[in-house]
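First chain A sits with chain B, and in the next complex the same chain sits with chain C.
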Partner chain A sequence: MAVAEDAPPGVRPHLPGEAGIWVFILGDMLIFASLFIVFVYYRGQDVALYADAQRTLNQHYGALNTFLMLTSSWCVALALNAARAQRNYSSRRFFMLGMLCGVGFVGVKFFEYREKIRAGFTLTTNDFYMYYYMLTGLHLMHVLLGLGVLAYLRQVAHAAPLSVQNFTALESGASFWHMVDMLWIVLFALLYLLR
Partner chain B sequence: MRSLFSLRVTLVWIFLMLATALSWGFGHGLGFGSHYRYATVAVVIIAFIKVRFVFLDFMELRTAPLPLRLTFETWTVFVSGALIVLYWQGA
Partner chain C sequence: MNTRNQLLCAWSGFGFALLFMTGFWLIAGFVPPPSPDASATDIAALYQQHTWQIRLGQFLMMGSSGLILPFVAAISIQMRRMEGSPPILTYTQLASGAVGAVFLILPCLIWTTAAYRPERSPELIQLLNDLGWIVLLMPFTSFVVQNFAIGLAVLGDQGELQVFPRWVGFFSMWVGVMFIPGGLLTFFKHGPFAWNGLFAFWIPLLVFFCWYLVMFVFLRQGILAQARTAPAT
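Coming up: the complex of A and B.
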């Protein structure tokens, strides 16, 4: 695959952002990994209940949110790219587009939750819905935190010229947002597509 | 605009969008007929291929120090493997 090649030889390794952000990201990923494993294990104990409950989800919301998260992550990657070229205006514009996609994600989630609650599917309906609300709710908290981070990064991108400290902040924040995107990729597969 | 679409992150984004559409199809029975267990395994594998691209290209781990990259690669292999095994046992 053309996009799967490794770093060209001679490129010096570079740690994006602060070392601390990677500790935080890895901690978060371990927590989510445990939750993914617990969910699939308990699904295996009562496949019929989980499959029936899953059929009541609106799959279009899940797919739309995946497209929004991927596009948001792409915009943030472009924002970082523009910042490295000292194209601050372009960088801020991409951060804003990334935020708009993130806000779109929150909006879709709001409509999805509202539809489910109105139809009588709540946290206590059954085990599937307990995990559904717990996993998507925890992820939504990360999205909201991430939107705050992106707003901050957009402010950082005002500095001209951008300093080493500015780049550390931009790379740290962007890495966090990409992790939020990555978690949704797995959640979409587990909650909406497992059969 | 032209330079935007020649960027690696843009190629990765296009790949991720197409992979999402493909996994959506597999999740709805595309190509696997009644063999839904294989379709689900394909969905999980595609999800973690996407995850790996996010790690390597969006989070820039492709050019990060090797121990950090290996930590994320290990997470990807371990979590995807555990989920597939648990799913297969339960299905």
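Coming up: the complex of A and C.
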């Protein structure tokens, strides 16, 4: 987590953001966890079909998106660091970079979906593609929601000096974005890499 | 200040949940839902064998759905306290909550139509059965809008004493998101995203009633707090 790393030793543990956002984050992670379990369970019933279908995925798109997502998360962490040093301009610039990576992710997803649909792989092709579209689609929805959150954080980073309330908002939003990033890492491993 | 009427409206949400589930689950026997994969003959047999249970269950479900409206109104009153002026999210919640009730009444009427003449051609029974489930589980849109309106109002509450705790705002928005997978049931006849699956039926059902419980508890607290802080008249 970007938030707790620079806490000096002896300081009591700090929950990033406000407590309420963790209701959303943990609730969301619970649902994605059950999606992952369902996917792995049904995959176990018919490994051959899932493995064959997986070979038709384009791993370059997946890897590129993993790179974009990680970079984006890193930018948001840097934006938080800049905000902590009251460097508003730098913080806003990092938020913008984080958003650009997020938009890039959406763009790559568009081309990936287009390639798949043109090759005749749709939601109803087989069970692997059902999970592929549902999981990545739900995740994409979170990315879009997260881009809205980052735009809001960029606005918050205008306040000078940044108040305690501002930091709570920044940390809450950043925690959400890190969750979106983390979910993608698991999705990427399950859909593109799991043998 | 009429605390009694407000509490009555909050309790009506409780009444809805109880009566609706009695009709849906215990009487009509629609939990778990019939499989979307089932043949027309199987579906017709379901309506032929349980005709009067389905009729009675739908009567109860339809009747209880009206109780949503006072509950939605009670939420609106508390939201107006959070929002101040202009109460735009309050109106959004009121409108979308009312539309939500319509989509609980409609499937009851459709299933009632199926059970009205159970001897008709099985294909027609299946058609009405499909229509009922799709009308119940697919329209996530008004629920999402309603829950995001509540969430934003709770998070925007600038008052010294929060009407609802802030986590309820995040919880509400999370609940909204949980209804979205149901919107995609149109693509599936089996598996976790079909209308009898984990993500289109079981999770939304569970989350829906958890939401009622959470809303009820904090509505009641909000109404009582409002009564304490209001100037005596």
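The rule is simple: the second predicted complex is superposed on the first by the 186 of 195 C-alpha atoms of A that agree within 3 Å, B and C clash if a C-alpha of one lies under 4 Å from a C-alpha of the other, contacts with A are read in each partner's own complex, and residues count from 1 in each chain.
Just so we're on the same page, contacts are C-beta pairs under 8 Å (C-beta built on N, C-alpha and C of every residue); 3 or more make two chains touch, one makes a residue touch a chain.
Fair warning: this is a prediction, and the values are worked out from it, not measured in the lab.
Steric overlap between chain B and chain C is absent once the structures are superposed on chain A; the two fit side by side. In the superposition on chain A, contact of A:Leu70 is made with chain B only, not with chain C.
Look at A:Gly44: by the touch rule set out above, it reaches chain B but stays clear of chain C.
In the superposed pair of complexes, A:Ile117 makes contact with neither chain B nor chain C. When both complexes are overlaid on chain A, the residue A:Ala189 reaches chain B alone and has no touch with chain C. Of the two partner chains placed around the shared chain by superposition, chain C is the only one that A:Leu138 touches, whereas chain B remains out of contact. Applying the stated contact rule after C-alpha superposition, one finds that A:Leu35 touches chain C and leaves chain B untouched. Of the two partner chains, neither chain B nor chain C is touched by A:Ala160. Vectors from the Cα centre of chain A to those of chain B and chain C enclose 120° in the overlay, to the nearest 10.
Of the two partner chains placed around the shared chain by superposition, chain B is the only one that A:Leu78 touches, whereas chain C remains out of contact. The partner of chain A that touches more of its residues, comparing chain B with chain C, is B.
The gap separating chain B from chain C in the superposed three-chain model is 15 Å, by closest C-alpha atoms.
Touching of chain A by both chain B and chain C, each in its own complex, is seen for no residue at all. Partner chain C is touched in their complex by these residues of chain A: 18-21, 23-24, 27-28, 31, 34-35, 38, 42, 123-124, 127, 130, 134, 137-138, 141.
Listed in rising order, the residues of chain A touching chain B in the complex are 2-3, 6-7, 11, 13-16, 22, 26, 29, 33, 36-37, 40-41, 43-45, 47, 59, 63, 66-67, 70-71, 73-74, 76-78, 81, 171, 174-175, 178-179, 181-182, 185-186, 188-190, 192-195. Those residues of chain C lying in contact with chain A across their complex are 155, 165-171, 173-174, 177-178, 180-181, 184, 187-188, 191-193, 198-199, 203.
By the touch criterion given at the top, residues 4, 7-13, 15-17, 20, 23-24, 26-27, 36-37, 39-40, 43-44, 46-48, 50-51, 53-55, 57-60, 62-66, 68, 71, 75, 78-79, 82-83, 86-87, 89-91 of chain B touch chain A in their complex.
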